[in-house]
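For reference, chains read A, B and C in written order, and residue numbers begin at 1 within each chain.
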Amino acid sequence: MRMSRFNIVSLVFGIAFLYLPILIVMIYSFNASKLVTVWGGFSTQWYRGLLANKPLMDAAFVSLRVALASALGATIIGTMAALALRRHRRFVGRGLFAFMLFVPLVLPEIMTGLSLLLLFVALDWDRGFWTITLAHMAFTTSFVAFIVDARLADLDPSYEEAARDLGASPLSAFMRVTLPMILPAIAAGCLLAFTLSLDDLVIASFTSGPGATTLPMRLYGQMRLGVTPEINAASTVLIVSVTLIVIVVAWLTRRHRQA
Amino acid sequence: MKIRPVILIPFLWLALFFLVPLTIVVRLAFSESAQARPPYRPAFAWAEGWPVWLEKAKSLSLGNFEAMLEETLYIDALLSSAGLAATGTALVLLIAYPLAYAIARAPRDRRVLLLTLVVVPFWTSFLIRIYAWIALLKPEGLINYALKSFGLIDAPLPLFGNHLAIVIGIAYSYLPFMVLPLYATLEKLDWSLEEAARDLGATRLRAFWRVTFPQTLRGLIVGILLVFVPALGEFIIPDLLGGSDTLMIGKVMWSEFFGNRDWPMAAALAMLLLCLLAIPLVILRMLEDRRETA
Amino acid sequence: MGTQGVTGRPPLVSIEHVSQSFGSVRAVEDVSLTICEGEFFALLGPSGSGKTSLMRMIAGFGEPDRGRILLAGEHVTRVPPHKRPVNMMFQNYALFPHLNVFENVAFGLREEGVPKPERSARVDEALRLVQMQSCAARRTQALSGGQKQRVALARAIVKRPKLLLLDEPLAALDRRLREETQEELKHLQKSLGIAFLVVTHDQDEAMMMADRIAVMSAGRVLQIGTPADLYERPVSRAVARFIGDANVIEPEIRAHLDGRALVAVDGTPFEIATGSVRDFAIGVRPEKIRVLEPYVSVPGSVTLDASVEQRLYRGDVTELRVRTAHHVWRAAILNASRRTGFMPEPGERIRIAFAPDDAMVLPE
């Protein structure tokens, strides 16, 4: 199919629009000069400064731990929720269940953050690492459920039927045939939950406490003061590392491409 | 009815982390602000039980809601949010539709690559991508600098700290949410219908408008809802890219909560926002149901 | 109705007055039939006839609302699929994509708990039977359609089921492959001695492969019999039309006497044996109609004047559509007999003739 000129222009413009800001940040992280508009020569000084920046490093470490823990929890609960929804057509409260599961996908973060903080206050829990983790779990579960649910919808039921026909009990058929087939979707959901957690500012601001400052919170504080090269450097590191993770996971799941 | 753990566990989780917080927000919205920790006097205590709640319901403090209607700030913020979210959504559509169309028309083996290209920026930090626009849009930022050095302008264009910046920010951040649903419907399209229209005498543009476009309405509506609803409550974009006179309800809520320490007010605003959001969400739900029975 | 097996062997599957509905749709309506051990049986019918629903109930997917199913004398109506000695070859093969060919075939044996060495041996044997032994380590995505089918077959037969179900096994294959596969399936079934139940909408397939066929329509069984039974002695207009071609004519019934009836078609009277049937239609297969020049007479045959409306050349036969006084007939002439026989042009006046014995009595 030949592509019309209009289509090619749309593609180029669209993709350039998407990548321009990212590239700017990355390029200017190597700018020796502090100003955006002046190129002072290539330099990695800001990167060296990063490692020495203790509050930033601590925050990064916190973010990582929160992301790992919450992604794990969200994946488990989200997958369960998707399975519950897709494989059981009738149970008490199914409509409410689906509503509660998918509404957070579009709810503004500020609402989620506010309501969760109020929950923790009502329960009289100290805010810190665990409240952020639980809060992140709460909102990323819906994303995992969405992805796994989409995969389950596409799944041909004849695979599991064939397994049962060959002598597998329903549980065994699920574990040996269905689960391996939806594993890439579960992995994708887990990755999504991880990056959403890593990236979150609003919910973390509401639900964190002393000693549990996340990287976005730290960066945000500095961003309000203006554009600085340190932020550029930190941003570039984040961009590159997340992109690498995505590429690696995509490559790993490629081998299990199926019908 | 068997109690299956695979249903029960997520159900309990969702009830605890979605329903319960919601009821707390409702309770808080009817409470009064106070110098206390936490900074409010609750409208009713949990331990009091149903009968007392019903009693108190008759004389609820609607102070927060009255204040909302009296102070033009809140209504303005709401209207402004709706306007900005709508404009942002329109801009997203303008960029996303040709992009999704181009990808759907691209050779089959390229499509996945192109989609990945569109989605990968989404994986990188939202905060950073908005921050990047600061560098681009500021009076002394790159765009003005480039325009100036090409001699196209004398004074820097006001691209930052205003409504325009917010609209651009929204369009930029929510692009994948519009591209993906549109692409999903475009990809399944039978292109021979458009060709048939052109065979019957329609120009390319008219064939698109009268044949292809109506078929993509479903994806379009999903995309609009996925962009408009979260954009309404956006905080980061107006905070980083907007100015002191750009109002968005998300920002107002944040400042009520953290700045004024007026938790009940923030809760009341949240309830208002929720009511507003309920409209598009109900529409989305109806469309989903219709799609599943079709 | 032909419930006795052609092989003369004992019954294996007994379906007794089985009905199944999905909401307001009656998928299967009071079906009873018997499949014997070692038999090649076919369920034949168009889509929506209930054949697939019936097969799935035999496999254990879906329960009948009424009636019962017996397998080797035991009630299996409510037994789940993994406990039945029945295996299925799915229409889309359903090969597990995350396992290779060997692992796919071994799947059922692993579920049974068969120890590794025996498992290995049986898988090898099954693969050899379907001629796929060299592909044991391949991933299923790399196989062609025909190869996938063999693996699916091997996977089912390795478990030595009492009954093998095949869901539209030839539907996805091209013509040449279809014919080869038909022969191979028939051959395989004979050598394994397992009963096969094939579900198909293609009557040629059913006729070529099956020992007995059950013709289904709208959830009911119309007739059960050998291919010859169904072709030569259909019990109804529907079956006559479904299996092969037939000219179905409503005759003028003039008299009944002693198991015979006097009828007239296009004014020409003749006698046929009807048994105890009072009301019926007549069916004549196109190839049983002789096409003759206008004034030829054939004693003992029913002869009718006709004119040719249309002629269709079909390679091995030529089909003629001819019109008599009150009916339109289809006749088929073997092109090999062209040189010796008579081949009219469209528009020509001719005579058609058929033997009264070739007229099939169709009561329904």
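We take it that contacts are C-beta pairs under 8 Å (C-beta built on N, C-alpha and C of every residue); 3 or more make two chains touch, one makes a residue touch a chain.
If you're wondering where the values come from, they're calculated on a predicted model, not measured in any experiment.
Engineer: Taking each chain's centre as the mean of its C-alpha atoms, which one lies nearest the mean of all protein C-alpha atoms here?
Structural biologist: A
Engineer: Counting only C-alpha atoms to place each centre, which chain is farthest from chain C?
Structural biologist: B
Engineer: In whole angstrom, how far does the Cα centroid of chain A sit from the Cα centroid of chain C?
Structural biologist: So the centre of chain A lies 56 Å away from the centre of chain C.
Engineer: Could you tell me the distance, in whole angstrom, between the mean C-alpha positions of chain B and chain C?
Structural biologist: Taking the average C-alpha coordinate of chain B and of chain C, the gap between them is 59 Å.
Engineer: What is the distance in Å between the mean C-alpha positions of chain A and chain B?
Structural biologist: 17
Engineer: Spell out, as numbers or ranges, the residues of chain C touching 2 or more other chains.
Structural biologist: Nothing qualifies.
Engineer: Which residue numbers or ranges of chain B touch two or more of the other chains?
Structural biologist: There are none in chain B.
Engineer: Which residue numbers or ranges of chain A touch two or more of the other chains?
Structural biologist: Correct list: empty.
Engineer: Over in the complex, which chain A residues touch chain B? Could you list them?
Structural biologist: Per the stated touch rule, the residues are 1, 3-4, 6-8, 10-11, 13-15, 17-22, 24-25, 28, 35-37, 77-78, 80-81, 83-84, 88, 91-93, 97, 99-101, 103-111, 114-116, 118-119, 121-122, 134, 137-138, 141, 195, 198-199, 201-202, 205-206, 216, 219-220, 223-224, 227, 231, 235, 238-239, 242-243, 246, 250.
Engineer: Which bits of chain B are touching chain A when the two form their complex?
Structural biologist: Contact set of chain B toward chain A: 1, 4, 6-7, 9-11, 13-15, 17-22, 24-25, 28, 38, 95-96, 98-99, 101-103, 105-107, 114, 116-118, 120-121, 123-129, 131-136, 138, 140-142, 145, 172, 175, 225-226, 229-230, 232-236, 239-240, 250, 253-254, 257-258, 263, 266-267, 270, 273-274, 277, 281, 284-285.
Engineer: Once bound in the complex, which stretches of chain A touch chain C?
Structural biologist: Residue positions touching the partner: 156, 158-159, 161-170, 172-173, 176-177, 180-181, 256-259.
Engineer: What part of chain C is in contact with chain A in the complex they form?
Structural biologist: Residues 59-61, 80-82, 86-88, 90-92, 94, 96-98, 107-108, 111-112, 141, 155-156, 159.
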